[in-house]
Amino acid sequence: MGDLGWIFISTLLINNFVLAYFLGLCPFLGVSNKLEVSFRLGLATIFVMVVTALCAWILNTYVLIYAPYLRLISFIVVIASVVQLIEMAIKKLSPTLFRALGIFLPLITTNCAILGLAIFATNKGYGLWEGLVYALGAGMGFTLAIVLMAGMRQEVEKANAMPKLIKGFAFNLIISGILSMAFMGFAGLFSSS
Amino acid sequence: MAKEQHAYEEFMKGLWRENPVFVQVLGLCPLLAVTNSAINGLAMGLASFFVLLGSSILVSLLKSYIPKQVRISCFIIIIATFVTVVDYSLAAAMPVIHKELGAFIPLIVCNCLILGRMEAFASRNTLRMSIADAFGMGAGFLFALVALGGVREILGVGELFGISLFGPNFEPWVIMILPPGGFITLGVMLLYFNWVEEKKNKLDKQLAAEAGVN
Amino acid sequence: MNLFRQISKSLSSSLGSFDHGVHPRHHKGQTEQLAIQRLPFGKRFVIPLGQHIGAPAKAIVQTGDAVKRGQMIAEPGGFVSVALHSPVTGRVTAIGSERYADGTFQDAIVIEADQYDTQQVDVNPIDWESLSIEDFIGEVQKAGIVGMGGAAFPCHVKYAIPDGHNIRYLLINGAECEPYLTNDHRQMMEQTEELLYGAEIVRQKLNAEEIVIGVEKNKPQAIKALQDTIKPGQPVRVVPLEVKYPQGAEKMLIKSVFDVEVPAGKLPRDVEVAVNNVGTIIAIAEYFQTGKPLIERVVTVSGPGVSYPANLIVPLGTSIREVLDFAGGLTEETRQVVLGGPMMGESIADLDAPMMKGSSGVLALTENETGRPQEYNCIRCGRCVEACPYFLNPARFARLAKSRMYEEMAESYNVMDCVECGCCTYSCPSGIPIVQHIRTAKDHLRSMKGKVQ
Amino acid sequence: MSEDKIEQVAGAEEPSPARLIGTLAIAGLLSGVIIIAIYLVTFETIKENKARELRESVFRVIPDVTKMQKLLLKEGKLVVSYEEEKGEEPIYAGYDESGKFMGYAIPSDGPGFADTISVLYGYRPADRKVIGMWILASRETPGLGDKIYKDAKFVADFDDLAIEPPIVATKKGKKKPNEIDAITGATISSVAVVRIINKGNDYWVSKLPEPGSEPVYIEVTPPPSEAGEAKAQ
Amino acid sequence: MTQKDPKLLIQPGPQLRQQMTTPVVMRDVWYALTPATLAGVWFFGLGALLVLLTCIAGAVLTEWYFAPEEKRGYFLGDGTAILTGWLLGLTLPPALPLWMAFIGGVVAVGIGKTMWGGMGANIFNPALVGRAFLLATFPIAMTTWTAPGDFFTIPSSVFALPLMQGVVDTVTQASPLGLMKFEHIDTPFFDLLFGNTSGSLGETSGLLLILGGGYLWWRRDLDWRIPIGILGTAMIFSLILFIVDADKYPGPIFTTFSGGMLLGALFMATDPVTSPLTKKGTWIFAIGIGILVVLIRVFGGFPEGMMYAILLMNAATPLIDLYTQPRVFGRELDSK
């Protein structure tokens, strides 16, 4: 397994952002009731993450070596502006998508998965390519998790059988727990042999 | 005096009745990510508390100068500033804890609880009320973090704040400190809150019914 | 992928069948060797005005009127409606509310038979060859002929082919896939000539090229009788079909015989086919040969709860009780009496209700057949999905109906395409009355639609 | 402040873009000032903490050392470095009180059971042996994988370990000088540590100078932390 | 009024039903499991029987506790709680402390089933949820395999006090999968077939498991596509690897007969509730499991991947169901 390959598999499956790092829980729990929307949000997240990785690398390489203390602020500001641009673009290109994602597009910005990506990639000292692959893996891992979750939630909501008491967040958290348990099966993948 | 009462109300609201975690289910990411022990929960809780309090004060003070159009950006900048302050202070004063919490301190910026409070409360209320609110919400968040961290630590390693509870032969429940344990424990705690709430509602109804009969 | 489809397609068509469906035991042994007998005339006949799909007929006789056997007593109430005729010579004793098989009350004409009449009718052949298609349709409507396959849909409506459509095949439905029933079987054996004669009439009137008769393979005698009677050069073909329920549902039959799917929401004529039941065609033949309208039909009386099962010619309007009594009455063990086949038929609430044009069978069932398993939650075993001949998703229907998500059933899962054949309920190990759920959903959806309009 | 006043502020006619940008700029400036202030206040301590941590780790993996210095690979040669330099992986040389070279501390990382494991290990070129191992960072399972640093016996296995042929983790009891005992229940993590060290050796051993010609400890230079601090000021 | 025929039933059609009912299906699975269970108890001794019974007790008590009072008989009557506990028990190490087994049963039914609304509503296989929970919670106890031994000797670990560690005082021995994964040692085929190896309580006798599976297939209780799909895929995948490097990777026979492969493929992946509805979906499900098992076994961190493979495909089942809806008769004909 090459390094890039391992970075990808690792963030996609083993260290899945949602299921192992608890990042991006708000959209994961908030939007995962509709499959279609989840999938689109996933795609949007992949895109924003890749852009973020690019921005983070540029900032790291050209700005932050001179002013490390600006790391957090500059990440936030740059990512927010980029997402703002994307939001405007989506509004123009696909009003349906814009409506479907509703309030969640701005939430992607203040989504800790995005900031977490930038910070983790920096902490790990990833270069440009590594950072981009990391972002791709993280975004796709997020999409995978949220799409699986949405499928399950749609199913159980149709069956509508669960006890009233547990409906809602408690239930979704426990499903996430089981999913996270299932994803533990990927631990150690490609690192044992 | 009435004011005093009010502030107290705000505080209790955040701590229990509208607990940001157990009732409003906000700020889950930092909550789950760091609560594999009570001490980490405490540290994270205090850090968030500080950021919330500081930002609330600043936002409440500056609210009339911030134009509506850029208020979110301003809030974020303010919050990010306080987070940076916490980050550096913690790194300087408590390097061990800082290493444990790792990358999650900067992520306080994204905690929607904090931004939400700025938007919904601090930017619309007096300094005094904002402080009370920040105290309440911060304490509520802190309480949730410590509770969750405590449960996970007790079962996960058989200790609380590093003090062994069950003796050396205890079989730790490893899952509790792993990610699935975080999800499941929080889910079960929410379930418990729902249950308490429902019981209370039932009791209230019963009391009301009895009052009606009398 | 395409290749794969084609192979599977050619395979399935060579078997002469459709996909999915169920294989209930067919229980036809009790009656399949019994020749058709005539049920003696009873005393009191009840002729409901609305015994077919469409508008009820309008009575044209009054209480006290004397009527002759075969005389028209009600005229069609619209285009999708047919005439009614008196099954006996006698007197009209009442016109009013009478009890139906399902327990409801509906308007009917009650006729007291004249005990001393011979009940003979004059033979009055009709020269069908000179009739225009419009007149032919009028005659069929006047003869009161409806589909005898169970639905009792006015037959002439099917023959009113709109411009731009034409019929290439007249498909005669001799599948008789419902367990227990053997009336079509016996008619194909005993009235082969009439069947072929009637088919020829309809073929010529519709300008169809060929007559195709689909018969399930478990009726070899019927297949042989048909093949022996067909004259060389006659455009008639007999197609043996796999024994499987619901082979006789018209869209399944068309798929089995021609390997063509009738698009959802479309009719057989859209694929250039007209489908008629064996009994329907024989009724047409009899009408044009002798002038006798639809006043009696062949009924199978069977089931473990009947002492002497039989295939009977029953004058319409005879009470179910008389039919059963003729067959030796019900045994002690009988729990349920069903009008029609056991899959599509309905339970009878009242044995004094009359036999109607669409009543193909009277079945007496015992605990063994009627006992229902306790209902359990759906275990998603997929048996219903594998059973549904329309490739619907009954498990999903059951689930959605329980949470009252009717709209989604229609929008995402095409519940309205369900023909209520019952395969899903039949196959469900958890004893879920899926068809019932579907009916509820459809009713709800129809009433919602009504409200919107 | 009452609700309606807020409404007033909000409902007033669109503030000019200049005002908006101005507000943001002021906010940015304000926050910049605060951030730089806290940075300056804490910088020294943080730097010191980090340096101390590093020193502790290095001292842990090379026995009997009291001094260390950072080395970087430049044009194929190891040179002493005092500054933060990007792009190059540093290693550290340890010396005893008398300034005698004792060994290198080499950082290396690779995939473990959960996430990347970062290892620092001591290497003595004289007899081509690993002389100590310490885990800098890992997310291995508590109670299982974390034995790679909590299990003293496992850590001790690396105190005297030949690197040729490449180190192997065995489950049958170590017999050869290049073997360590895998931790029962954490075989994967044990093997991962071994692989990470082998990877470090593959990269570094050929690049190190001949035994005996290691860079000497240069007393006069200020320690790295002071260099950094000087720069910041 | 016609009250002369009071006995007549009025019920909606269809009047006929096929004979199989859900409780009968579940009981068939009990019967199918019996031979392999007896063999497991025979090899691992009375301790194993205790572990199994404790699991069942945990599962049944949980079902009983959460069932509405008036419907308890109905809830327990379908036989699935016992089956869940039983299957969970079969996947556990024979010397597991009883208190852990009990917790496994409680979690299996509580989180795996009741929480979702009872039988039929769950998405994950309850027994495997229980097992996954136990494995992640007590990883050491759950991977301590005892060698088959004396029938009457019960390892003292079985009686460990609640919350306390168990001390295994009988012979422990790596399971065939562990030997293969970490030491590349093959186990003789004969042992795999007859179960004289260490491993989970009920997974060791390949032959008897196949016998039980065959019975279920004969009774039409399970969908043959699932075991065939899983085993076929896993065999092909491992054959390819075996050809690439026979020393490093296990061969197809070993893959099929070792560990939980047969138990999982025949009894757990086939759980109708948690597998797709349609034939096409079933194939996708089975092939997915086959690939994941070999992937995890060969390249992953665990010697055994069956449980995770099934759970992961369980999670994907709603999506599979959604995208393998059969084409409704007479619809979208032009898309052919």
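We just call them A, B, C, D and E in the order they show up, numbering each chain from 1.
Note that in this section a contact is a pair of C-beta atoms (placed from the backbone, for glycine too) under 8 Å apart; a residue touches a chain by one contact, two chains touch by 3 or more.
Quantities reported herein were computed from a predicted structural model and do not represent experimental measurements.
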Contact steps required, at the very least, to link chain B with chain C come to 2
Common contacts of chain B and chain D, by label, are A, E
Judged by C-alpha centres, the chain sitting nearest the middle of the protein is E
When A-D and A-E are ranked by contacting C-beta pairs, first comes A-E
Greatest Cα-centre separation from chain A belongs to chain C
Whole-Å distance, C-alpha centre of chain D to that of chain E, is 45
When centres are defined as mean Cα positions, the distance from chain A to chain C in whole Å is 59
In whole angstrom, the CA-centroid distance of chain C from chain E equals 48
Taking each chain's mean CA coordinate, chain A and chain B are separated, in whole Å, by 23
Residue numbers in chain B touching two or more further chains are 73, 77, 80-81, 84, 88, 174-175, 178, 180-181, 184
Contacts with two or more other chains occur in chain C at residues 377
Going by residue number, chain E touches two or more other chains at 111, 118, 120-121, 133, 136, 139, 301
Per the touch criterion, the pairs are A-B, A-C, A-D, A-E, B-D, B-E, C-E, D-E
Residue set of chain A touching chain D in the complex reads 1, 6, 10, 14-15, 20, 65, 69-70, 73, 124, 187-188, 190-192
Chain E partner, complex, touching residues on chain C are 5, 22, 24, 99, 103, 179, 251, 255, 261-266, 334-338, 342-352, 363, 365, 369-370, 372-374, 376-382, 385-386, 389-393, 395, 413-414, 417, 422-423, 425-431, 433, 435-436, 439
Within the complex, chain D is touched by chain B residues 36, 63-70, 73-74, 77-78, 80-81, 84-85, 88-89, 91-93, 95, 123-126, 156-157, 172, 174, 177-178
In the complex, the residues of chain D that touch chain A are 28, 31-32, 35-36, 38-39, 86, 110-116, 139, 188, 191-192
Interface with chain E, chain B side, in the complex: residues 166, 169-171, 173-176, 178, 180-181, 184
